[in-house]
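Shared chain: chain A. Partners: chain B in the first complex, chain C in the second.
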Partner chain A sequence: MQIVISGLAVGCVYGLIALGFVLIYKATETVNFAQGELMMIGAYFAYTMAELWHWPFLLSVLLAILATALVGAAIERVLLRPIEGEPTIAVIMVTLAIGMIARGVASAMPGWGTDTHHLRVPYQGGLVDLFQARLSMEHIVIVCSTAGLCLALFYFFRAAKLGLAMRAVSQNQLAAYYIGIPVSGTNARVWALSGGIAAVAGILMAPITFVHINMGSVGVMAIPAAVIGGFGSIPGAVAGGLILGLCESLAGLYLPEGFKDAAPHVLVLLVLMIKPSGLFADQIRKKV
Partner chain B sequence: MHFDFKKNYRIDIRLIKRGNQAFWYGLLLLGLLLAPAVLPKYFVAQMTFILIYSVIGAGLVVLTGVTGLVSLGHAAFVAVGAYAQAILMARGVPLLVSLALSGALAAMLGLVVGLPALRLRGLYLAIATFSFGFIVEILVSHWESMTGGNSGLSVPTPTLWGVAVTGALFYYLCLVVLVLCLLLVLNVLRSPTGRALRAIRDSEVSAQSMGVNLALLKTYSFVLSAALAGLGGALYAHVMTYLSPEQFGLNLSIELLMMVVIGGVVWLQGAVLGAVFVIALPQAIAVIKDYLPPAIGQQTGLQPIVFGLVILFFVLVEPTGLYGRWIKVRTYLELFPLCPGSVFVRERHFLRTERLK
Partner chain C sequence: MSTVPMLALRNIEASYGPVTAIRGVSLEVPPGVIVALLGANGAGKTSILKAISGILKPTKGSIQLAGLRVDGLSPERIVNAGVAHAPEGREIFPLLTVHENLRLGAYIRADSEVAKDIDAAYSYFPELRQRARDMAGQLSGGQQQMLSIARSLLIQPKLLLLDEPSLGLSPRLTEEIVAIITRINREHGTTILLVEQNARIALRTASYAYVMEVGRIVLEGSSETLSEHQDVKEYYLGIKADSVRGEKRWKRRKSWN
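Up next, the complex of A and B:
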C-alpha cells in the first residue's frame, strides 16, 4: 500500500509533466524537450521567493507558477514562433538548447548554484495512518493537488472560453482561424499553461527530491509517460504517468536493481511496437 | 562565373561536378596526408577526433538531412560500436574484421529499433531512439561481466599486421575509413535510392504515390546511419582507450545532432565542418576562459550556455549551417557585381500538419 501510494505520487508528477508535453504537442505538433527544465525553473522560483526572500509560502508558490508560465510564453513567442513550419530537427534542437541554457544559467545564478537546496513546505514530514498504512503527507499532497488540478483543467477545457479556443486550435488551426480565434496567441497561452503546470510539478516534487539543477531529468521519464498514454490525449498523459509511476515502484521492489530505470523505456518501445498511438488515443482514421 | 551545359542526364549525377572541384578536394586530401608530418602531436590527435566525428556525422546527414528523420539516440549506436570493438579486440579478432563487425552489429540493432518506429511519423522515431539510448546506457552500466559496468573497460592497442596502429598511423586509418565512408554515402545519395530518400523528406505522401516504399527506405537510411555510427564508435574506442557508460549518454547524442545542424545538415561537407566546429569549440572556450573576468570565466555552466546559444543561433539565424553560408559567399563572389540581394532571401515556411483530419 505504501509503495502503491508513493508510486502513484511519483506517477502524478510524471503525469503533470507529460500533460505539459501533450498540451504543447496538441497545439503546435512539437515536443518540448525542455519541459523538465521548466519544472526546475518553477521549483527554483518558489525556492527563491520562499527561502531566500522569506515570502509567505502560498504567495511564493502562486507567483512561481505565474512566473514560469510567463517564461513558457516568452519561449514560444521569441524562439519557437520564428521557426514555425521548419523541419522537426529545428524544433527539437531549439528545445534541447533551451534546456541546456536553462541548466547553465541556473548553475550560474547567485544563490542557486550547483548545490542541492531544500524548499521547506508547511506539510513537511507529516504522517497519516490510513488503512493500516503509514503515508507521508508529501505524497498525499501530491496526489490530491494533481487530482484537483486535473479537475480544474477538465472544466477549463469544457467551459472556459480560452480552453475551448485551445481545443479548437488543436483540432484544426485553419478552421479556428476562420472563426476568429487568434491562433498564434492561443499557442503562446498553451505554452504558458504548460509552463505553469510544470511549475506545479516542480514545487510538488521539491520536498521529495530537493531542488537542484538536474531536477529536469524527471522530464526524461515523462516522455515515456506521454507516449504510453498517447501523445494526443490529455487524460492519457495523466494515466500514462500513473501507470509509469506504479510500474517503476513495483519494478524497484520485485526486479533486480537497474531494471527500475530501464523499465519505462522498454515499455515505450513495446507501446510503439504494438499500439503506436498510445493506450488512450483518440480513435480517428483518415478518410479519403 | 561558370555555366552548366547539360548535354546528357549523367551530368546531373556525376561525382565531380566541375574540374576545379577535383583540384581543390585533391589539395585538401594532400594537406590531410601531410598533416602528421608537419603538425604537433596534439593537433593530430584532435584531427583524429574530427575524422571520427565526421564518419558519424556522415550517417546523421543521411538520416536527418536527406531523409528528414531525427534520432536522439545515436550515442547508443556509437556505444555499441565502441564496446563491440573493445570486446572483439580483447578476444583477439583482427582489427579490420572487428571494425566491420562492430559496424554490422550497430546496423543490426538499428534494424531492430528502427523497424517498428519507422512505420510511424518522424517524431516517434526521435522518441523511440531517445528511449533506446537510455536502455543501452543502462544496459552497458549493468552488464558488468561484458562491459565492465561503471568501472569502465580498457581498449587494447590496435595492431595491423604486427604493427601497433597509434598516433599518426591511427590518424591515417581514420582518414582511409572516412574517405571510404564518404564515397559510399555519396554514391548512395546519387543513386535512385538517394533520390527516393530526398523525396521522403520533402513529402511522404507524394513519395509514396511515386512508388517509393516508405518503410523500407526509411529503415535503409536508419540502418546505414546506425552502421556508420557504429563504425565511428569502434574508432572512437581506440582514441579514448578507456570506455565508461557515461561517455555515451544523451549529451553525446545532442552533441552529434548539434554537429550536423551547425555544419549544414543537408550536405556531407557540412558534417565535416560541423565536426571541426564541435571539436574546436570546447578548446576555444577553454582558451577564452582565461581572458574573461573570473566571475564569468569560472562558471561551470559556461560551456552548456555557449553550446545552447550556438545551437539557437544556427537554427534561428543560419539554418543552412556553415556550409550553407559558404555556398552563399561563393555564389556572391562568382556573381560579384551583379548579385541581387533577393537571391538569399529565406523561404517562408508554414506549419505542415501531419495530423489526421
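Up next, the complex of A and C:
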C-alpha cells in the first residue's frame, strides 16, 4: 500500500509535467524540453520566498505559481513567437537551450547555487494511518493536489471561454482566426498555464527530492508519460504519469536492483509496439 | 452610390509567395445588400475573402470597411470591426461539440445575449440543434457547412463573407442554404459578400455581381444584366448561345479578353 501510494505520488508529478508538455504541444505543436526546468524554477521561487524571505508558506506558493506562469508566457512571447513557422528542430533547440540556460542561471543566482535546499512545508513528516498502512503526508498532499488540479482543469477546458478557446486554437488555428480568437495571445496563455502547472509539480516534489538545480531532470520521465497517454491527450498525460510512477515503484520492490529506472522505459516500448498512438489518443482526426 | 459602401477594395494585389493570386481588384459592396463574386476554381475569389479578413496580407491597395481602412490589421481586429468569414470547406473545431463551436463564435462578445443568439442560430439550422451535443467532427459535410455559417452569425457581423456555401451540398440542401442566406440578409440587414462557383445560385441570391478570372475582375453588373450577358450565359450558366454564324465555342473569344 505504501509502495502504491508513493508510486502514485511520483506518478502524479510525472503526470503534471507531462500535462504541461501536452498542453503546449497541442496548442503550438512545440515540444517544450524546458518543462522540467520550469518546474525547477517554480520550486526555487517558492523556496526563495518562503525560506530566504520568510514569507508565509501559502502566499509564497501562490506567488511562485504566478511567477512561473509569467516566466512561461515570457518564453513564448520573447523567444518562441519570433521563430514561429521555423522548422521543428529549431524550436526544439530553442527549448533545450532555455532548459540549459535556466539551470545555469539558477546555479549562479545568489542564495540558489548548486547546493541542495530544503523547502519546509507545514505538512512535513506527517504520517497518516489508513487501511493498516502508514502513509506519509507528503504523498497524500501530492495525490490530493493533483486530483484537485485535474478537476479544476477539466472544468476550465469544458466550460470556461478561455479554456474552450485554447482547445479551439489547438484544433484548427485558421478557424480560430476567422472567429476572432487572438491566436498568439492564446498560445502565450497556454504557456502560462503550463508554467503554473510545472510550478505546482515542483513545489509538490520539493519536500521529497529537495530543491536543487537538477530536479528538472524528472522532466525526462514526463515525455514517456505523455507518449503512453497518447501525445496530445490531456487525461492521457496524467494517466500515463500515474502508470509510470506505479510501474517504477513496483519494479523497485519486486525486481532486482537497477530495474527501477529501466522499467518505465520498457513499458513505453511495449505500449508503442502494441498501440502506437498511445492509450488515450483523441479519437477523431480532422477530416480532410 | 451616395452612401459610404460597407466594403470597398481598391486595387488589391496579393500573392502566396511567388504566386500572384490577386492582380489589382477593386470592388464595392453597399450596405444591406448581397453581392456575389463569381468565378471558376483558382480565379482568386477565396484569396479576396482572405485578404479582407486579414489572413492574407495584401501587397498593394486598400480595403475599407464602412469608410475605415482595415487592410494590415490582424484577423482578430478585423473580426472585432464587424467582419465575419464563413470559410469554405470544413473549418470547424472537430473535437468540440456543436454547441461549443457556436459558443466560440461569440468569443469576441461580452454581452448577455449570446445564449439567445445561439438559439436563433439553431432556429436557422434546426439540424444543428438536434446534434448540439455531438462532436462537430462527426457531422456530415453539409451540417459542418451549416455550422460554419451559424458560427459566423454569432459574431453579429455587419459584413458576412460566405465562401462557397453550396460546395459539396445536394441541390435540396443548396436551396435551403440559399433561403437562409436571403433570410439573414432580410432579417438582420446583414451585408453579404457571397463567393460562388455556381453562377445560377449566385445570380439568384445576389442583386449585383462581379465575375473574376485569373486574379482579375473581368465583368460586373446587376444580376439581371449579367444573367442576360452572352458570355456569362455560355461560360457560367451553360446556356448555349444561338450563334448566327455558327461559330465554334472554343474559337470564340470572350468579350472581356
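Just so we're on the same page, the second predicted complex is superposed on the first by the 284 of 288 C-alpha atoms of A that agree within 3 Å, B and C clash if a C-alpha of one lies under 4 Å from a C-alpha of the other, contacts with A are read in each partner's own complex, and residues count from 1 in each chain.
We take it that contacts are C-beta pairs under 8 Å (C-beta built on N, C-alpha and C of every residue); 3 or more make two chains touch, one makes a residue touch a chain.
Here the structure is a predicted model, which means the values were calculated and not measured.
More residues of chain A are touched by B (comparison of chain B with chain C). Residue contacts after overlaying the shared chain place A:N172 against chain B and chain C alike.
Touch criterion met: A:T88 reaches chain B, while chain C stays clear of it.
When the shared chain is aligned, chain C comes close enough to touch A:I181, but chain B does not. Looking at the shared chain after the overlay, A:E29 reaches chain B, while chain C stays out of its contact range.
Shared interface residues of chain A, touching chain B in one complex and chain C in the other, are 172, 284-286.
Those residues of chain A that touch chain C in the shared complex are 161, 164-165, 167-168, 171-172, 174-175, 177-183, 282, 284-287.
Note for the complex: chain B touches chain A at residues 64, 68, 70, 72, 113, 116-117, 119-120, 122-124, 126-128, 130-132, 134-135, 138-139, 141-142, 201, 250, 254, 257-258, 261, 265, 299-305, 307-309, 311-312, 315-316, 319, 349-357.
Here chain C touches chain A in the complex through residues 53-55, 74-76, 79-80, 84-87, 90-96, 100, 103-105, 107-108, 135, 137-138, 151-152, 155, going by the rule given at the top. Across the interface of their complex, chain B is touched by residues 28-29, 31, 79, 82-90, 92-94, 96-101, 103-108, 114, 172-173, 220, 223-224, 227, 231, 257-258, 261-262, 264-266, 268-269, 272-273, 276, 284-286 of chain A.
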